[in-house]
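After this come two complexes, each holding subunit A, first together with subunit B and then together with subunit C.
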Partner chain A sequence: MNRPPHSMSLHASQFAMMLIGCTVGIGPLFIARIATVASGRDAWIVFLIYLAIILCNSLIMVQLAKRFPKQTFVQYVPELVGTWIGKCIGFILIVLGILTIAVTMKILSYIIATYVLLKTPMDMFNVIILMLLIYLVMFDLRVMGRLATGLFFVSFLFSYFYIPPVNDYGNVLLLMPFFENGWQGIWKGLGAILFSLSGLELFLTYYPYVDDKRNMRKYFIWSILFVGLLFEISLFTQQLVYPLKYLAHLWAPSIHYISIVEFPVFERTDAIFTIFWFTVLFKTAAVYMYHSVISIQQVFQVHQKRIIVFLVAVLGFAVTKMIGNAADIEKWMIYVLTANVGLSLILPSLLLMIAKFRRKGLAG
Partner chain B sequence: MKRILLGCFIGLLVITLTGCWDYRPLDEDFMITGLGIDHSLGDESKLEVTVFGVAYTEQDHTLSGQGSSISEAISEIQDKTEKFLSFSHIQILLISKSVAKKGISSIIDVMLRDSQVRNFINVALVDGRVSDFLQKGKEYPVTGSTFEALLKSADLGFPNQLLHLETLAMNLYSGASGFILPILKIDKVSRIISLKGFGVFKRDRFLEEIDRKQMIGFLLLMQRLEYANLTIGTINLDNPDQRVYSVKIKAASTHVRVVIDKDQPTFIYDLGFSGALLEKNPVPLGGISADEIKRIESELTEELKKSMLNVLRKIQKDQIEPFGLGEYARVYWPKGYKEAQWEEQFSKAKIETNIQVNLVFYGQTL
Partner chain C sequence: MILLSWFRRLIGGAEIPKEDAQFSHDIDKNMDALRELFVDTDDFRIREFQINSTKPTRACVIYLNTIADEKIIREEIMRTLMQKLPQSVQELRSLQISLLQHSVLSSSDMVQSTSVREAVRNMMIGSTLLFIEKSDQCLIIMTPWSNKRAISEPETESVSRGPHDGFTELISDNIGMVRRRIKDPSLKIVSYTLGAKTQTKVSMMYLKDLALPELVNDVSERLKEIHTDSILESGDIEEFLEDDALTPFPQVEVTERPDKSAAAMLEGRIIILVDGTPGTLVVPTTFFQLAQTPEDHYQRAIFSSFKRIYRLLGFILATSLSSFYLALVNYSTHLIPVKLVPVLMTKRAEVPFPPLLELIIMQVLIDMILEGNLRMPAKLGQTLGVAGAIVIGQAAITANLITPAVVIVVSVTTITAYLQPRLSNSYSIIWIRYFNMLIASMFGFFGIVVAWMFWVIHLCSLQSFRTAYFAPIAPFKWSDWKDAIIRVPKWAMTKQPSTPGTLQPNKIPKGEMKH
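On to the complex of A and B.
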C-alpha cells in the first residue's frame, strides 16, 4: 500500500486537535446525570478509573497502528482476520460512523431549537450542517486539520464556561462519602459512561495520514489527558453543585449549569456556550464524516469521493429523521457511542495479539 | 468562483432559514413582565392567571384568565388580546397564599417546561388577591426591580438565587424538606406594596409565616445570611440612660461541625461576624470605651443566638428541615441517619451555636 498523497496528510498536532474536538463532542452535556444515576456520588472517581483504562488501551492502539503505518484500520483488518470478517468489521465501523454523524447533528439541532432559535424546524439546521459538512469533506484532509486547529483555539477559549467556578451552592458534602456504593457502583458506572470518550477509535483510521508519526503517541496521550481533564472537572463541579436527586432530573446538566451560574465579566454565557458547542459538535460530525467516507472508499474499493460524500450525507440525514424526542436522542447516543468505544476497547487488543501471533505488520 | 458562490449560498441560508422566516414585529407582542397565579374567585377548583405587561403603542395593562390548569387560563388570556403573549421577559412570578397552601410544585414545573421563561425569575407569595398586585395604581406593579427594592427594605442580605425559580426547582426535585419565599402585602387604600414577611414551606406547601427577626435566625441556620441591620434596646423617655443602638453585621465565616456523643449528633454552628455601629443613644460624647464595645458585642451575640434558637424550636416542632443539616448527618452520622425519617430525627437533634461578633467600625465621629 502506497503512502497517502501529501494533500491527504496531517501533522500530529493537527490530528490531536481533531481528536480533542470529536472526543469532547457530545459526552460532557450528559455525563454528570448518566454517571451519577449509575454510581451515585462516586461518579467522579468512576471517570478517573475509566480514564486510566482508556489510557492503557490507547497504548495498545498505538502499538497496533505502528505495525501498519501506511494502512488504515479497515485496510489491515482483513489481513489479520480474513477478508469476510474484516469487511464485516469495516462495514460495522462505517455504519457506526454514519450513526454518530446523525446523532451529533440531531443533538446540535435539538439544542439550538430548544435554547436559542426556538421556532426554527430542526431539519433546517440539519440541512445547513450537512451542506457545510459536504463542503468541508470535499477538500483534502489537511484543510480539515487546519480547520480543527483553528476551531480548537476559538472554541476552547470558551472552555472557561465549560469549567465554571463553583457558585454559592457548591457543597463538598455532596461528594462524600467516597466509595459510597463500593465496587459494585464503580462497575455499574463504568458501563454507563463508556459512551463518553467515543472518538478515540478514529486514531486507527487517521494514523496513516499523519506525517510525523514519531510524535504521534505523545500527542495522542496528551489529547486523551486534555479531554479527560475537561470531563473530570465538569463532572466534579456539577456533582459539587447539584444534589444527586436533582442531577438525575436534569436532561443536560452542563447546559443547565451554564444558565444558572453567574460568571464575572461575561453576560449571556448561554449564547456564548452555544457557539462553543456548535464548533465542537460540528468538528465531531466533520471528523466522523471524513472517517466514514475514507472507510467506504477503502472497504468497497470505490474512488469517487463526491458520490460517497453525498451518500453519507443523505444517509446521515435519513437517520436523523428516525430519531425523535430528547429521550430518543439519548437512547441512540448511548447505544451508538458505547458501540464505538466498545469496539475500540475490544478490537485493538485482539488484533494486536493476532498480529503478533501471525507475525503480521512491521514488527512481525 | 464556485466556492465563493457556494459560500454566499450557505451564508444566505443561515440568514433566511434560522428563524427569521416566522419573525413577529415588536408591536404585535404583549411582553409579560409579571405573572400571578391565584384561585378563581368563588371557585377554588379553578386557577386564575393574571399577567401584567407592556404592549407596543398601548399602555401597560393587566389581563386575567381562568381555567382548570395554568395552560387553559393562559389560553383564555390569549383570547382576550390580539397581541401575542410573550413570556421571555417575565421578571417575577407571584403566587397567592391560598394556592401555595395546596402546593406549588405543579406551577414551578410548568414554568420550567416553558423554554421562554428564564430560570432566574423571582418568585414570591402575596397576601391577598394576586390581581391586586399586578394592577397599575399609585405604585407601579411588582416587577423585578420593584421586588428587589422591596427586599432591600428588610435590611437583610442573602443570595438572590434563594428566591429564583431555579432554586425552587432544585429544592423541590431534590426532595428538600422545606424552603422560604417572601410574602408581599398591599395597602388597600394607598395601594402601596410592601414586604410583609417570609413564608416557610414544608415540601411544596406553604406552612406558616415568619417575621424579619425570625428570618435572620432562619438565614443563620441556613448559613446564607450575608448582612443584617439590628437594633437593640428601646427609647425610654423616662429613663435617659436607657441604651439603644443599631448595628450592621456582616457574615465573616460560617462553619458547621458535627459531634457524635453516645450515638447522637450535636450540630455546632461556628459563626463569625464583623459589625459596624450605625447609631447609639445616648451619644457617646467621650468616645466608646473598650468595655462598652465588648458589652455591645456580647449583646449582639446573645441576640443572634436567641433568634436562631427561636426559629429552630419552631421549625423542629413543624418537623421540617430546610437548613441542609441532613447532608451533614448523612456524612458524619452514617450509623444513625435515615433519609426517610430525617425530619423526625431532626426534630430531636441537638443544635448549639458558637457566635462571635467583632465590631470593627464605630463611625467617623471626630
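On to the complex of A and C.
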C-alpha cells in the first residue's frame, strides 16, 4: 500500500463548507418555536439583528486569529491570559465540544426514533452514528474538508423547500403587526436565539489549518451570510404558515412543516429531509468531534489520536445517556449551544484587547 | 573448470548468477559455464563457427531458439561473420568484439558485456550472445522472435464510433500504437525489468511537458519498489501501485485502447504498459473518470452527457435498488404507492423466505450465472443464460420461492451494474450492493443513509497517486465539471483538467488560441 502522508491542511472554501454544515444542523429545527415564544411575530426581525451582531463578531474573530496564524485557540489562550486560566478555558471548550456531540447525536437519534424506526432503541442509533464518526475522525482533516464539500449540495435541498413561492399555505397577515412587543421583545428574543448560530466559534480552532488564509475572511463572512439566509427563510416561512400560538407548541416545527405542507414535484419530502438532517447533524457532530480531539491533544499534550478519538466517543455516548426526553433534549441543547456562542461572543473581543495591550501575536 | 565450480557455488539453487560474475577469456569456459547453467533446457542452443578473418577466429552464438529469431541469427550474424570480412577488418591482427560491433554487424541493438548476469538476462528475452576466442566480453544482440496476434478491437471496450484497434501482447507494438497518435518529442518512455523470474518489461509513458514531475517521480518510485517473482499481467503490479488495496474502488484504470491511453497522457496522466498483456494501466484516476468511455469524446457533447448521467444513475440503481426495496418492504411500507401495496404484499405473503434471504439467494444465483458465462464457450453461455432465465425467472415465481418484485429488482440491478464501462467497476458495485442490502435490512432507510455516508467518507479518503479520488465533487473543482458527470463541447474545454494537474494549464498554447 502507498498511503499518502497525513495532511492537516484545508482549503478556505472547504473550511467555509464545514462551518455551514455544522451551523445549519441544529438551529433550523427549533429556532422558529424558540424565537416566536420569546419575541412573537417579530422573531424574523430578531434573527436579522442577531445576524448583524454575529457578523461584527466574526470580524473580531478574524482579527484575533490573524495574530496567531499557526496556533489554535487553545494554544494561544494560555499566552494571553496565563497558563492556568488558559488551560481552564481550553478544558471548558473541550467539555462543551463533547456536550455538543452528545446533544447533536441525541437530536439525530430522537428524530430517527420518532419518524423513521419507531421500535429500534435509540442507543443503537447513537452507537452507529458514533462508529461512523470514529471512522471519519480517524482520517486526516483533508478528508473532513472533502466530505464537507461533497455534502454541501445537500444544504440546497433545504433552501429549495423553504422558498416561500413554492407553497400557497402562507399568509402574510400572520406576520402583522411589526414591533408588536417593542425593543423589549426583541432583546428577549436575542437572548433566546443565541444558540442557533453555534458552530461559528470553531473558526478559532480550525484557522491555523487553512492553507489560503488570505481568502479566509471572505469565505467566513459568506458562510455566515449563507447560514443566516437559510435560517431567516426557515423562520420566515414557518411564521407565514403557522399561527403564533400553534407554533409555540411544536417541538421541532421544521419537521412538522415538511410533513403538512405539500411541495411541488417531490412528494416524499419527509424521506428527503431525513437524508438532509442526517447529513447536516452528522456533519455537526463530526466537526465538533474533530475540534474536541484537536483541543485535547493540544491542551494535554497527547499525540495518540486513536485513543483520544475513542475517549471522546465514549464520553459523548455517556452524555447521551444522561439526556432524556424531547424536553430534556431541548433544554440541554439551549444550554450547551448558548454557552458555545456566548464564549465566542465574549472571549474573542476580550482576548483581542489583551493581545493588543500585551503586544502578543503577529500584529503586536 | 574453476569458473564452472565457481558458478555452482555461486548459483546453488538459483538460476540467475550474482551481479559480479564475469566471463572468462577462454571461450570454452564461457560455453561450458552457460551450458551448465542451462542444463535440461531443451531450447538452449550453442552454435560454434569460425570468423572469416586473415587468421580464422573461433566464435560461437548462444541463444534460446524458442524466443530468438533463428533467421536473423543465421543470416545477419553468422553469414556476415563467416563470409569475407571488410578489408579494413581483415588487415587487423586480432579480432575484438568492439570491432565486430562497430564495423561488421549491422544490427541496430547491440551491447557489449562482461557480466554473466546481464547476458543471461538478455538471453531470456530473446537476445543472442556472441563470443569470440580470447575475449572476456560477449556481444549481446537483440534477436527476439514473436508470434504476435493481429490487432483487434478489445472485446470489453468496443465503440460504435472511434478507432477499432486495441493493444496486443507485444509491448513494442503497444508503444508504437500510442506513439503514432502523439507525434511529439516530449513523449517519454522509461522501462523497467520487473519480476525476478519472469523478467517482464514494464514501460512508463508520459508527456514530459504535461505530466507533473512529482507524479512521474511517484510512479517511477512505486515501480522500482515492486519486488515480486512474477509479473504476467498488469494486474500483478496494480496492487503494488495503488494507494489502498483494501477498498472495492479501483484506483488504477485499466484499458486496452491506445486512443484512451493517448487521451489520458494528453491530460497529464501516465500510462504503464506491461509486456505480455494488452491491459495497460492509467494513473492517476478518479471515481468519475472510471465511468467514462473514449466514445464520450467522439459523440456530440449533449449525447455524451446523457450517457454519463445514465451511467451514474445506473451506478446508484445497481448499488441501492435492492436495499431500497428491503427498506420499503421491511420498514417503510407507508412509502409504497397505495395501489401497489396489495399486489406486492399478497405475493410476499406466499413466499416462505424473509425479503433479505430472498434477495440474496436470487442475487447470488444471478452473479454465479454471470461468472459461469464469462468462462464458458459462447454457445454454452447462451444455453446457460436461457436456462437461468427460465428456471429463475419463471419456475421460481411459480413455485413461490421468490416474488416477481424481487426478480424485477435483481434484473434491474444486474443490468445497471454492467452499464459501467469497466468490469472492475461492476465488481465494486456487487460488493457495495451486498453491504447496503445488509444494513438496509437491519435499519431501513436510516441504514441506507448510514451506508452511503460511509461510502462517501470512504470515497473522500481515497487517493490515487496523491490525487483526490472523488474529485471534482470533493474537493470541489468547478473547472473539472466540464468533463466529469457531463461533457461540454470541445471548444469550451480550453483548459486541462486540474486533476491530476498539468504543467500547461491551457489545452492550446496561448499564442495559438483563436478568438
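The rule is simple: the second predicted complex is superposed on the first by the 345 of 364 C-alpha atoms of A that agree within 3 Å, B and C clash if a C-alpha of one lies under 4 Å from a C-alpha of the other, contacts with A are read in each partner's own complex, and residues count from 1 in each chain.
Criterion: a residue touches a chain if its C-beta (ideal position, glycine included) is under 8 Å from a C-beta of that chain, and two chains touch if they have at least 3 such contacts.
These figures come from a predicted structure and were not determined experimentally.
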Contacts of A:359 with subunit B and subunit C, given as first, second, both or neither: neither
Which superposed partner A:143 touches (first subunit B, second subunit C, both, neither): second
Partner chain(s) touched by A:243 [first = subunit B, second = subunit C, both, neither]: first
Which superposed partner A:214 touches (first subunit B, second subunit C, both, neither): neither
Which superposed partner A:114 touches (first subunit B, second subunit C, both, neither): first
First, second, both or neither for A:171, with subunit B first and subunit C second: first
Touched partner set for A:13, first subunit B, second subunit C, both or neither: second
Partner chain(s) touched by A:135 [first = subunit B, second = subunit C, both, neither]: both
First (subunit B), second (subunit C), both or neither touched by A:303: neither
Contact residues of subunit A, present in both the subunit B and the subunit C interface: 117, 120, 125, 128, 132, 135
Complex contacts: residues of subunit C adjacent to subunit A: 222, 241-246, 331-332, 335, 443-446, 449-450, 453-454, 456-457, 459-461, 463, 466, 468, 470, 473-476
Complex contact set, residues of subunit A against subunit B: 114-115, 117-120, 124-125, 127-128, 131-132, 135, 167-169, 171, 173-174, 176-177, 242-246, 249, 259-260
Parts of subunit B lying in touch with subunit A, wherever the complex brings them together: 6, 10, 13-14, 17-19, 22, 115-116, 119-120, 159, 161, 164, 166-167, 169-170, 173-176, 324, 327-328, 330-331, 334
Subunit A residues touching subunit C - in the complex, by the definition given at the top: 1-4, 11, 13-14, 112, 116-117, 120, 125, 128-129, 132, 135-136, 139, 143, 145-147, 149-152, 268, 271, 274-275, 278-279, 282
